[in-house]
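The same chain A turns up in both complexes below, where it pairs with chain B and then with chain C.
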Partner chain A sequence: MSHLSVTPRRLAAAAVVLAITGGAAACGPEDSGAKAAGGKPAKGGTLYVLNQSPQEDFDPARLYTSGGGNVPGLVFRTLTTRNRENGADGSKVVPDLATDTGTPNKDATVWTYHLKDGLKYEDGSAITTADIKYGIERSFAAELSGGAPYLRDWLTGGKEYQGPYKDKGGLASIETPDAKTIVFHLNKPEGDFPLLATQTSFAPVPKAKDTGTKYENHPVSSGPYKVVANENDGEHLVLERNTHWDAKTDEERKAYPDRIDVRSGLDAAVINQRLSSGSGKDAAAVTTDTNLTAAELAKITGDKELAGRVGTGHFGYTDYISFNPKVKPFDDPKVRQAISYAVDRSTVVNALGGSSLAEPATTFLPAQESFGYTPYDAFPAGKSGDAAKAKELLKEAGYPKGLTVTLTHDSSGGDEQGPEVATALQDALKKAGITVKLEGLESSAYSEKIHGVKTEPGFFLAGWGADWPSGGPFLAPIFDGRQIVQDGYNFNNAQLDDPAVNKEIDEINKLTDLKAAAVRWGALDKKIGEQALTVPLVHPVYKRLYGKDVKNVVISDWTGVLDVAQVSVK
Partner chain B sequence: MTTSDVLAAPGAASDTPEAAPGARQLWRRLRAQRAALAGVAVIVLLVLVALAAPLLAALEGQDPDAYHASAVDSALGGVPVGSFGGVSADHWLGVEPGTGRDLFARLVYGARISLGIGLAATVVQVVLGVAVGLAAGLGNRFLDNLLSRTTDVMLALPTLVFAIALLAIVPAGFPRPVLLVLVLGLLGWGGTSRIVRAQTLSLKSLDYVAAARLGGAGRWRIARRELLPSLAAPVVTYSALLVPSNIASEAGLSFLGIGVKPPTPSWGQMLSSATTWYQADPTYVLLPAGLIFVTVLAFTALGDGVRTALDPRAGTRLRAVARGRKGARP
Partner chain C sequence: MTLLTRFALRRLLAALLVLLVLSIAVYALFYVLPGDPARLACGPKCTADQVAQVRTQLGLDDPALAQYAHFLHGLFAGTDISTGVGTEHCGAPCLGFSYQNGEQVTSLLAQRLPATASLSLGAMALWLVIGVGTGVLSALRHGGITERLLTAVTLAGNAVPVFIIGILLMLLFVSVLGWLPFPSYVPLTEDPEQWAWNLVLPWLSLAILESAKYARLTRSSMLDTLSEDHVRTFRAYGVRERSVIGRHALRGALPPVIALTALDLGTMFGGAVLTESLFGIPGLGKSLVDSVRTEDLPVVVGLVLVTGFFVVLANAVADVLYAVADRRVVLA
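For the complex of A and B:
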């Protein structure tokens, strides 16, 4: 993929969104002339959300979200949040409760935030920095597990802290000199701290209202909506306006609908069917967890009205082949290179739903500037594989008659690491004289096997997405030698422990200029890519339907999916 | 079927011999039934297709596992290029969406799995069922009780659930088709065993068996020489009905993703991946579904025909009808 192709794709995505807004305005039955002239979103109405998975966790400490989450982001405000804009602009971090994205000290180990004026909870009481500190402390409690691990790793004393229920003293590394100021002391430089501060563990929790594990039944809202009903452990949620939320303090969330009704436990096909027919309430419905499948997309593309109601997004994710160089014959770089040359990305793309649902990848980093995307193709396989070059390398490696290898994959159909991709690769490698035996394992067995240092196979399918759009959380867990986990889940599958790579990761983490850091991450990706420890295959694309009456669809590159805080149904 | 079919059957055997039971008579009686004959024709055709799968695929010039990226429209989610699921001179029945693999080649190779596993599993079931049934019928009370209760348990087991569990725990290295045959075979012998035991018990008290026993014949000899020939009719009938149920079970297990492993083509597996495509590419669903339907129907028709032909009362009816018709003719 060339660098040039990125911009047109973005433009195309933006054009699609524009076309959607126009199209929706043109065909809506109750559209007046004023609305048609730009399809202006207006306040009011009820937005319906149709989902598969219930929102079982609604406790800010237990949520593992990117950028504050979709539905949770309606209730929880955080120190910073993602920029709610389309495309690449949406991968920026912006202030939310805080006045700015944070003031670091010289080496990015101390971060200071100040709160905006006039911030209130749903009961009208003021939000203080002590509540944010308490919210973070809760996320350390064993009872409230499930959140992201970063704070534990980054905050001074985080490793030992047991949470506010066991440890009444609190975390000394978070200081609140006054009700509007909060200071974080980290054990190492982290230029990405403002991006971490988007996670829901940074949402304020008033200590007096904390009910422990029951808090999720009625979390105290700091956002534009409050929870009025939570049935069957998050299967049905009803959110209504939080009258104490002041739009003047929140530049990010538009909060057009008066009410949001989240219904889950539905089948994926049913959700897409309901959104496409859009009868009754479903006209004002969206989904926050169901993508269109290839077959559904094939049908929708033929229908102009439906095709205009598809939102397209790019979440930073890479599906790739992973090698374990400790297993023969993958210890030989020539064998890994031969496979890199032999892969046919066009059949892999088709296996994952075709060119509108997956884009071929030659870099480990997603093709987005915020990650530091630097285009490279270390082993150019062309569109459909270079079998001749692969054979040549195999010969040099001592396999003139080809070789037989085993590819481990997830046996569940439709999975990105599933049998469809595995058989496509099997067919491509056959042309280069590599016989691939398939080892399909049930999802949890597969996951356990590839993430255990001792059980890890030599050649398997894997995928990686980042917790925020930056090169750090994308590269460090996979290639930082100090992150190899001997007992437990290990993501450094190549078991790479290169002092030069480790040092560069540390150096980049010190940068607080995210743009400068991104350039360095890109260069590091290119350097590691030359070692053929992985074969990047594709970056997936998300396509989701939304109802006829839904306006102001915003899809950022941070989440790649429609932002539920921005849509309007009037 | 039965009576009405029999009535409709033209050219029924005119000279049905009274004695000489066996394959020849069975065939003669089967010939009188149009549905059974049609079933036999379809089965013969399917078996030939399965045996000649490599030849047929070569004739078409396609490999069942080869991907054809150019035969599908990647931008449209991988829908086959062309009408009726991409039917063309190169791809006689079109291609699989997403991969572009040739459907004709995959279907003929899939016939090997469907028929092979269906028939082999039936053989395992019949051999086990006859062995257990005979042993129970001829053994002492303790053995009979033990084997009969075991049979009851086998019959009461929810076969599908058990098969899923068994298939999930066996190591991935074990050859899948063999495993499917074993799982289906080991779980499905209960019916045969019960029939054989009942038949053995009633035959055991007949004079000719008693005579053989008085003549000094051992249990083994009695079972082999005196009982087995008389057991043939019910066993053949029952196994003819087991085949379609085994074919359907294989398709069901493959549909659930625990049958044969990719890229081996199987009808059930094809049907499973086709379900999401029923709107965008209906041909892809109709082909494996139609084949499974036709195959199961053919074996069921044959099984029903065999039962009618071997049923002594039905046989009489058959002859009566044949004579009646002949008599009525001017």
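For the complex of A and C:
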């Protein structure tokens, strides 16, 4: 089996330079100006989506999406959705099936929604709140695993409920007093509930049409497109207009193309090569899962036409160093502070492909207002590290001659937690007298080790992105003491259980004014940051190519990538 | 009973035994290796309770032996599984249900087999033509400049990894010349012409990689046969050179080529991962890598059995062809 010896990821890396050279060569003489931005978007045509990962489990209960996802959002409408606008406006939550983003009771434990008029499925039948309740109940079934875990934690009785197949009684904490009203009863205040209601599990599923694990082959559409073909378990998906979708009920999705053809299982380098050369159908193609690598980007920047077809997006994500203060010498705050001062963020940025693909970070929260971004730099390391200050702290901590530590990282090349970043840090810490030994582990072994309370190393690379743009899902899983998971995946790597932090998280969750909450999240981030439990390194930036005929490119800060619901190819 | 039926029966029994041993080996390996398929199916943010429910749902709570017995039962008698709203029957030979997406393994394989078969068989035809042709030509031009040139070219083809060949071919034929579309698999039953056009580059990439071996092998065994006594005798009797080469020398040189083809073809059914990923062909190889990564045991077992079956089948066919090519060989 000699063909198995090289992984596809390596293949992609090796093929990159060749691929883009070809793309650029092919585009040279033919194109005189940037067409992508010009012209008014119009209805019609077929949009092609070229992806690496297939749309497996195309079932609203099994999909784990942020803001309803990209391709799934074409078929599944939810109570609320993300605002489909460029930049920061795009990280706001807006109504979708519902008339507003929800009415809370006084302490944000009861949320009520009303459906808009004239909502229909692809077969013309009316969408009711009972179907939304049923869709949510399905997401609790073990047969349909894979979705987001929040509802299980938030809904009263959610922990015990096993889904509608085993438990015919249904979830009493979701009430549907009439076909247009739905009421959720939560076991604790959650001001972020409107943001959760964007997730695909909030899509309606008509009970009579439920085919259990087979539903993914032909889910009943509530969105502008319906599934007409699903081949090879989501590897090839063909969507056509859902004639019963009424644009008047949907202010968000533009739905210009008549047909959307999603082809997956492609190699990353091939996708970018096809998008850059844009021959034939590929002129009307986009990708929803393939970023440009540093090498590809360098090649493209030199070509004016190609450079005009690169979308830039910011998704709320932070790459950081994580400490486990239960492991020596990281129990000593001075050691953690010394490392915080010693890091050289400019070499980390370079390791990830340069300033166009990564921005230096000194806060744990992403640099976006919706998360509550409040600038701070608790241990100013400057651009390239403050070795003198680090040495001084080490001396105070009892290591006048420096110390030797082990940094655990993912061994996959090109990964944000990979060997490139690890060696960049190794070099920087060397200047401060800290000898770093590297422990590179294969992706799944690395992941299991850092997320197990008992196996967690003291010093390792990590990354975190939130399920929606708010401080809550960004800070709580990492720093809430009650979220330390003893017998499963634990994300509170510092194993911080500080009553003051826990209390503040509870207090902010009661706020239904998201702007006021954001300010408090920012302040909490700053307060935790001073404890040097993590060293924020960078926030990644996404760069993606799109085809020559693609118009109306919208990239929100919620997803950081081109929105397929807004694109036009005519 | 004719010789051929006895041969076929004996081979079939041996094949079943091989496949059974293979399935036991994969099951054993699976339980020795670390990892939790229920956790992987559920997702990283699942709580311990949810993972436990998924584990029960997948039948991973049962002892390993019981799970294997259940697998065998499904294989010979079929089985039923709950879809939540009802049950779904999986008729014999049922290879079980994928942990990751709850689909029947047999239907997953059936969806992917045509793509892999298209890729492998087409590539094989091409590499045999290129490889054997080059080999014969090299043997006939032994010691000359043509031979040295051909050796250099085929070796170069063999030395370059398939994804480099593939990318270069795409560059040339798609981006620069624009003669071919970017390969995107079209089933034979849907559109035979598009099927072929879209497979030209994958076939060519694999053929370039493989044909060097065949050229070298054909060349050396041709040279061996040409220097044998019976060939000299044929020539002495005045048999025409074309007949000496085509009917006698080539025939004598074929058995090792047949044996190698059988092995390569069998391997390609589960192993052309790089070619499949590069050209986006929804074949078995890619699905093997994915299912190993996600510890999707039923799919892994199914794929190993199918690949194993084709290796055994290809070798049995090779043995028959052996006897046809070389009359001294007796089927046993």
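Operating definition for what follows: the second predicted complex is superposed on the first by the 532 of 570 C-alpha atoms of A that agree within 3 Å, B and C clash if a C-alpha of one lies under 4 Å from a C-alpha of the other, contacts with A are read in each partner's own complex, and residues count from 1 in each chain.
In this text, contacts are C-beta pairs under 8 Å (C-beta built on N, C-alpha and C of every residue); 3 or more make two chains touch, one makes a residue touch a chain.
Model, not experiment: these values are computed from the prediction.
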item: Between chain B and chain C, more extensive residue contact with chain A; value: C
item: Contacts of A:Gly413 with chain B and chain C, given as first, second, both or neither; value: first
item: Chain B versus chain C as contact partner of A:Asp303, first or second or both or neither; value: neither
item: First, second, both or neither for A:Tyr489, with chain B first and chain C second; value: second
item: Chain B versus chain C as contact partner of A:Asp178, first or second or both or neither; value: neither
item: Touched partner set for A:Asn350, first chain B, second chain C, both or neither; value: first
item: First, second, both or neither for A:Glu530, with chain B first and chain C second; value: neither
item: Chain B versus chain C as contact partner of A:Glu251, first or second or both or neither; value: neither
item: Touching partner for A:Glu507 - first (chain B), second (chain C), both, neither; value: neither
item: Interface residues of chain A shared between complexes with chain B and chain C; value: 269
item: Touching residues (chain side chain A, partner chain B) in the complex; value: 269, 293-299, 301, 344, 346-347, 349-351, 353-357, 384, 411-413, 419-420, 422-424, 426-428, 438-442
item: Touch list for chain C against partner chain A, complex; value: 35, 39, 41-51, 53-54, 56-57, 82-86, 88, 100-103, 108, 111-112, 161-164, 167-168, 170-171, 174-176, 178, 181-182, 184, 267-268, 270-275, 277-282, 285-286, 289, 293
item: Chain B residues touching chain A - in the complex, by the definition given at the top; value: 65-67, 69, 72-79, 97-100, 168, 172, 257, 261-263, 272-273, 276-277, 279-281
item: Residues on chain A engaged by chain C in the complex (per definition of touch); value: 1-4, 6-8, 11, 14-15, 18-19, 21-23, 25-26, 56-57, 64, 138, 141-149, 152, 159, 162-163, 165, 210-214, 216, 231-233, 235-236, 263, 265-267, 269-270, 273-274, 277, 279-280, 282, 444, 447-448, 451, 485, 487-489
